[in-house]
Amino acid sequence: MWLPKQVVADMLLEFLEEDLGLTDVTTAILVDEDVEAEGVIVAKEDGVAAGLWEACILSEIVGLRVEYSIADGERFRRGDTIFKVRGDARTILAIERTLLNLLSRMCGIATATRRLVDKVREAGLDVKIAATRKIPPGLRYFDKKAVEVGGGDTHRLRLEDMILIKDNHVALVGSVREAVAKAKARASFAYKIEVEVSSIEEAVEAAEAGADIVMLDNFTVSMVEEAVKLLEERGLRRRVLIEVSGGIDEENIVEYVSKGIDIVSLGRLTHSVKAIDLSLDIRRV
Amino acid sequence: MWLPKQVVADMLLEFLEEDLGLTDVTTAILVDEDVEAEGVIVAKEDGVAAGLWEACILSEIVGLRVEYSIADGERFRRGDTIFKVRGDARTILAIERTLLNLLSRMCGIATATRRLVDKVREAGLDVKIAATRKIPPGLRYFDKKAVEVGGGDTHRLRLEDMILIKDNHVALVGSVREAVAKAKARASFAYKIEVEVSSIEEAVEAAEAGADIVMLDNFTVSMVEEAVKLLEERGLRRRVLIEVSGGIDEENIVEYVSKGIDIVSLGRLTHSVKAIDLSLDIRRV
Amino acid sequence: MWLPKQVVADMLLEFLEEDLGLTDVTTAILVDEDVEAEGVIVAKEDGVAAGLWEACILSEIVGLRVEYSIADGERFRRGDTIFKVRGDARTILAIERTLLNLLSRMCGIATATRRLVDKVREAGLDVKIAATRKIPPGLRYFDKKAVEVGGGDTHRLRLEDMILIKDNHVALVGSVREAVAKAKARASFAYKIEVEVSSIEEAVEAAEAGADIVMLDNFTVSMVEEAVKLLEERGLRRRVLIEVSGGIDEENIVEYVSKGIDIVSLGRLTHSVKAIDLSLDIRRV
Amino acid sequence: MWLPKQVVADMLLEFLEEDLGLTDVTTAILVDEDVEAEGVIVAKEDGVAAGLWEACILSEIVGLRVEYSIADGERFRRGDTIFKVRGDARTILAIERTLLNLLSRMCGIATATRRLVDKVREAGLDVKIAATRKIPPGLRYFDKKAVEVGGGDTHRLRLEDMILIKDNHVALVGSVREAVAKAKARASFAYKIEVEVSSIEEAVEAAEAGADIVMLDNFTVSMVEEAVKLLEERGLRRRVLIEVSGGIDEENIVEYVSKGIDIVSLGRLTHSVKAIDLSLDIRRV
Amino acid sequence: MWLPKQVVADMLLEFLEEDLGLTDVTTAILVDEDVEAEGVIVAKEDGVAAGLWEACILSEIVGLRVEYSIADGERFRRGDTIFKVRGDARTILAIERTLLNLLSRMCGIATATRRLVDKVREAGLDVKIAATRKIPPGLRYFDKKAVEVGGGDTHRLRLEDMILIKDNHVALVGSVREAVAKAKARASFAYKIEVEVSSIEEAVEAAEAGADIVMLDNFTVSMVEEAVKLLEERGLRRRVLIEVSGGIDEENIVEYVSKGIDIVSLGRLTHSVKAIDLSLDIRRV
Amino acid sequence: MWLPKQVVADMLLEFLEEDLGLTDVTTAILVDEDVEAEGVIVAKEDGVAAGLWEACILSEIVGLRVEYSIADGERFRRGDTIFKVRGDARTILAIERTLLNLLSRMCGIATATRRLVDKVREAGLDVKIAATRKIPPGLRYFDKKAVEVGGGDTHRLRLEDMILIKDNHVALVGSVREAVAKAKARASFAYKIEVEVSSIEEAVEAAEAGADIVMLDNFTVSMVEEAVKLLEERGLRRRVLIEVSGGIDEENIVEYVSKGIDIVSLGRLTHSVKAIDLSLDIRRV
């Protein structure tokens, strides 16, 4: 995920305006204009850095100078300084919460993603850990970017990017076979076609119909195993990527990924984030 | 929290546009125009309803008819239908994820808030459970509303609404006493003045200086107890509201609130939401 | 009132775009690109400066250099230069009217506010002169800021900031007592509660019910006097701030404020502004 | 001035959002959902109606039904009901101030304009009373429309609409003659060319050079008389329209317009508006 | 291409606002309010309909009733009525040009696309005719939709949707092989990978490296023939789709597509549109 | 046409955002951060430069340095470098297509306009070549500017700028005479009045009624000749400008303009643009 700075700056400025409203009443009253200060963000727990690039952009667009920032993707420890900014004290105070809200969420996502990626890598497997579109409204760029920084796969960013035939589409079209056929006939060649299936039979049906990716939705580990085996027996395994989704967590992920699949996707990476605890301290300089 | 429908509709439409991009490519290819369908949202776990009012607005603005919706604030059980909508099948599919992302987050916040409120009420106490500004960017209205629906207190919505003198303000001004004095001299009479303090001494200092609310930040239970006692001894207790913040969770909350305080505030209500699992099923009608 | 420069810049740019439309047709035709010029704003009547900070921001965002500006809050005399800017001649011409419209209004508000504040101070009283929400649409930040610069109190900025129970709320709820009780029971602790009352009885009722501020609406001077006296007799005076509103002007303000009240609020400060006459002269350099 | 309703609705909704912020906290707490009510706007002084069309649009877009509205341009008396709306009580309360701010300003402008127009008509003259671009930022459409409703001339709406060579343009180009020549050579045939002049000689120069309109800026009555006479003597009077601007008020306007001119323009119509006093009363129905 | 109506309506309203500015001055002056009229759009040349769905949305959002519209994709003849709308005369006049500008462009694109598609089909071939991103700014949804309506392939909608390694990317990475390898290693599984190649060798290199689509850029017909042959000899032909781009026009397209390729893409479909001549006639009803 | 840079920058940034979506996925994957590169735009056919000023603004706003740019209005030859930019490689790639789409369209318009202007000048005539409002939505500023750069007349920019009574207005009002009379009575003095006529009689009627410009719509050359003659005979020719519109192309334009008219307007200048072929090459520096 990457966009030119000025494009990201526009989104960040909107976030800031939401938190400010018509005035930062406390700061306006207590802090004089043109007081030079330094703001330091310290981690209060371990994690993986994400959102630092965005934090730099927000700081710069409001006229502050970034003096230090760890790189996105780096691990940090409790107590580490991860970001240091200098400039007008009022401005540092005005952006403090927007900055921390962004960073604590993005670091939270990157940290959780990295933990899963590490588990899978440690098990010697090369399965992708992907996010879904289960992201609170307005945060698509930021949450997907944090997943990527954490080592995960961004999957489809939104409805525009890929053909993903879900159960509700199948319900309206009639069958997996018909849905895939229709998609292949009508869709631009630019898109891959993925199908969400709810049974082993549908998985085979999707692969036979020519899907590029088959998503096994809410399968047990043994169902996954069986589906992979059947696809192999039918000579369909090499034609498709296999994604597993639904009910996967830190406990069972290794078991799932060891069954010969390509991708695991998890909504919880973004819909149930645990924010990383960060604090900003300011001092006059 | 309340805004006229048309104002909320504008925010919801922006959320929808983010998820769509330039086209819902899958739906456009698979589903014909003018297919009448029904979409039903079912809870996959127990919870407290929030965001239903907003779900109705989003549905209506894109031309769907809401046939059923439980009320915000109501409890639901796993398996309950909480929302039913009817109209153009393409449109239901296009808003599905935006709708679910909004509802699962808002229900998640309301459910977590209600759980804490219930704990405190069961302990026979009348302490407010408040949210903070630790809210991912762009969700201020929605997250604060969900807290309120769950029985919590919305606290300051953003920097515009209240004078809240935090540690960083004190660091720049010099002392709690000076900061409060400055605020009282300069601020509009319309605002209450709250002070975040980091020691029992500062708590007394803030109360003496005339703060309306004293926030005991990161105090242990015994420090809270002592601070309340000291304020009472000095005849300051009735002049101020006491808020406790930092490190409070489901385990220790009853202990904290039993020490004679007025408000507990928790960032985790909004920065670390656990989304409620919901699913939408569509069928042709 | 204070916001980071970049946030204010966005509002100012919108103002500029409104005045420009698709082209400054006159300037485009008559003035060549890259002509260096100086623009000087001169006061054509006495006044109090306001909006200069904003004028600097607008000038800078379009690439001009501010060479001189008096400070917001300073008094100026007819004939005084209050602002000097240098840079591209076309750009100075393009922003001229937007700049003057902003400054002449904000100076007008600050000047009128200061005149009232001075009257009250000269009478040896410490009563606040507050603005209302009677502000033409789109100018909330600017008009409230100008009031503040003039020495006035910003009062509630908008509906979000404070609980202000007006006659229409009372009409719907039933009585002042019930309305205040409902507000106290339901509102976040973060808000003060103000009640607009239309009789001396209601003033007492509001104070007894626990309002923080009682606004005596359209009271005569003697009614104000009587209300204050009654509140004192009932021991309620110290519990509440007293605001007087409606029908106050330069003639009667001293009489009103001498009756022991805390705040006077006037819609005319912002709904019926007399703009300060300013002109901009440009010369090639 | 006219725009399709939906276009105006978008501007009005933005105004409403400014006044609301994140919630109408008072109304949300005190008034239940779905209370049916009626809101009546009554004039507290005489005036000329303007902004009623816009008031209808704002009411309708938020779902209220307009039951009565006097027509824009009609005169009303103190005590007259000018607007009646019915529907959700919360919504009426939420738009009350936005509605009144808009109406009281637009009626104020229309009333002042009509007063001048009447004066001129009573003197048996057919001179246009025009507004300028001296309009607070953000209100261009509304203020110009109110002038028109009051019987005035809208003049140039903004920099896009007309070539108006002002003193600052002349200063940069060198002379009135050169400026007009340059404009005639380069400008699209779609535009009229107006020139602001500061002496009788310049007036003649502008007319000779081929200006369509000559604006006599800050001329005394006798200078106007002399300029008109000179233009007539030189056979230039029929070629140009003559506009007088600067220092005109209710006292001297008849004298000015009786000197054989075509247009009088006044900044005060819009930069120094006296709002008409209006109030809204709500009752449950 | 499909989006919910309300989303498209927002884009269309912006287009309308651009054409209107602050007023439709002619209509406001000449046509009274509430005149009922009918507007009929007639084709002045043959073509393929596109943009009619959007025309209906624009009409409805400003309160007009669509009485007749041919379907997108249908052919029309010179003299055919393609759209009929009824309602407020002022509103029909206000949207006339926006409506016609949209329709004449979209019909122009659909007509040109259909002509090429027909040529290819008549030659008995099943090659896709695709658009590029060579689309004037701001028209992405509309131009791509018109291509689709004309029977063409939408290709990548924008930079977000697909990995398309162009010559400039190769120049920076070093070689086609490295670029494809890097993309395969880092990109989300959700994307196809296309490579633009400038020689037959690079085409083979791209296919060997695992590209999903190879775009032969600015190849002569014989180079295309040779490239296809070589890919077949190397057993790579079935692994990739072959797209031909650059220098293709109505004259040579059949020759190109007969060489065994899958897709032809043409910038001229959208960067050099010939608008279809349409006119709108209005009559009072 | 001219607007301050920052105003144009905002429009350009929106264009860029449309092409990017949530990420430039290819560039993000293949090109590292902070690679310094140079991008060179070369013309692949002859033309007249337009949009270069805008290209500089877009480049600068995203942080690139423009090293070379030919001036708007200059002619260029196939093979000429017209623009050179230096800076972050990712950023150059991200703006490449937006830049080229803008430039190839604007150069296309300027080139076509210049060709017609040259024809008319070569025939020794001084007739203006004007554009219409037949411009694809969203491009008004850019297309009109390109016409101007090519030596054409911008005509009315949009509905706000001029009174142009078209056939549909006449149809509703009743006659040309009445329409002009109504316009003269009601319109601001700031506007010229143009009338589109469909017969020689209407041309005379319009001139007699006092129109400033008469547009002969879809007249044959001999009808134009006759109309001009008749206007001269009636002594009306000097009172009006004569515009000819409809069916004019490169072949017949000289014949038309030789009949004693003032302006020719052509929709095709903007509704059926032939883009100039340009390419951008990037190299690491």
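The chains carry the letters A, B, C, D, E and F, assigned in the order they are written, with residues numbered from 1 in each.
Convention: a residue touches a chain if its C-beta (ideal position, glycine included) is under 8 Å from a C-beta of that chain, and two chains touch if they have at least 3 such contacts.
Everything numeric in this text was worked out from a predicted model, so none of it was measured.
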Hopping only between chains that touch, the fewest steps from subunit C to subunit F number 1
Top of the farthest list for subunit E, CA-centroid basis, is C
Interface of copies subunit B and subunit C: same or different residues on the two sides (over or under half shared)? same
If you tally C-beta contacts across A-E and across A-C, the winner is A-E
Averaging C-alpha coordinates per chain, one finds the centres of subunit E and subunit F separated by a number of Å equal to 23
So, in whole Å, the Cα centroid of subunit B is separated from that of subunit F by 52
Contacts with two or more other chains occur in subunit A at residues 20-24, 27, 94, 140, 157-158, 160-162, 188, 191
Seen from subunit B, its contact residues with subunit C in the complex are 128, 130, 153-157, 160-162, 188-192, 194, 213, 241, 262-263
Residue positions on subunit B within touch of subunit E in the complex are 13, 16-17, 20-24, 27-28, 61-63, 90-91, 94-95
Listed in rising order, subunit D residues that touch subunit C in their complex are 14-15, 18-27, 29-31, 35, 37, 89, 93-94, 96-98, 100-102, 104-105, 108, 133-140, 142, 157-169, 171-173, 179, 182-183, 186-188, 191, 267-268, 271-275, 280-284
Listed in rising order, the residues of subunit C that touch subunit A in the complex are 1-7, 10, 140-141, 144, 157-158, 160
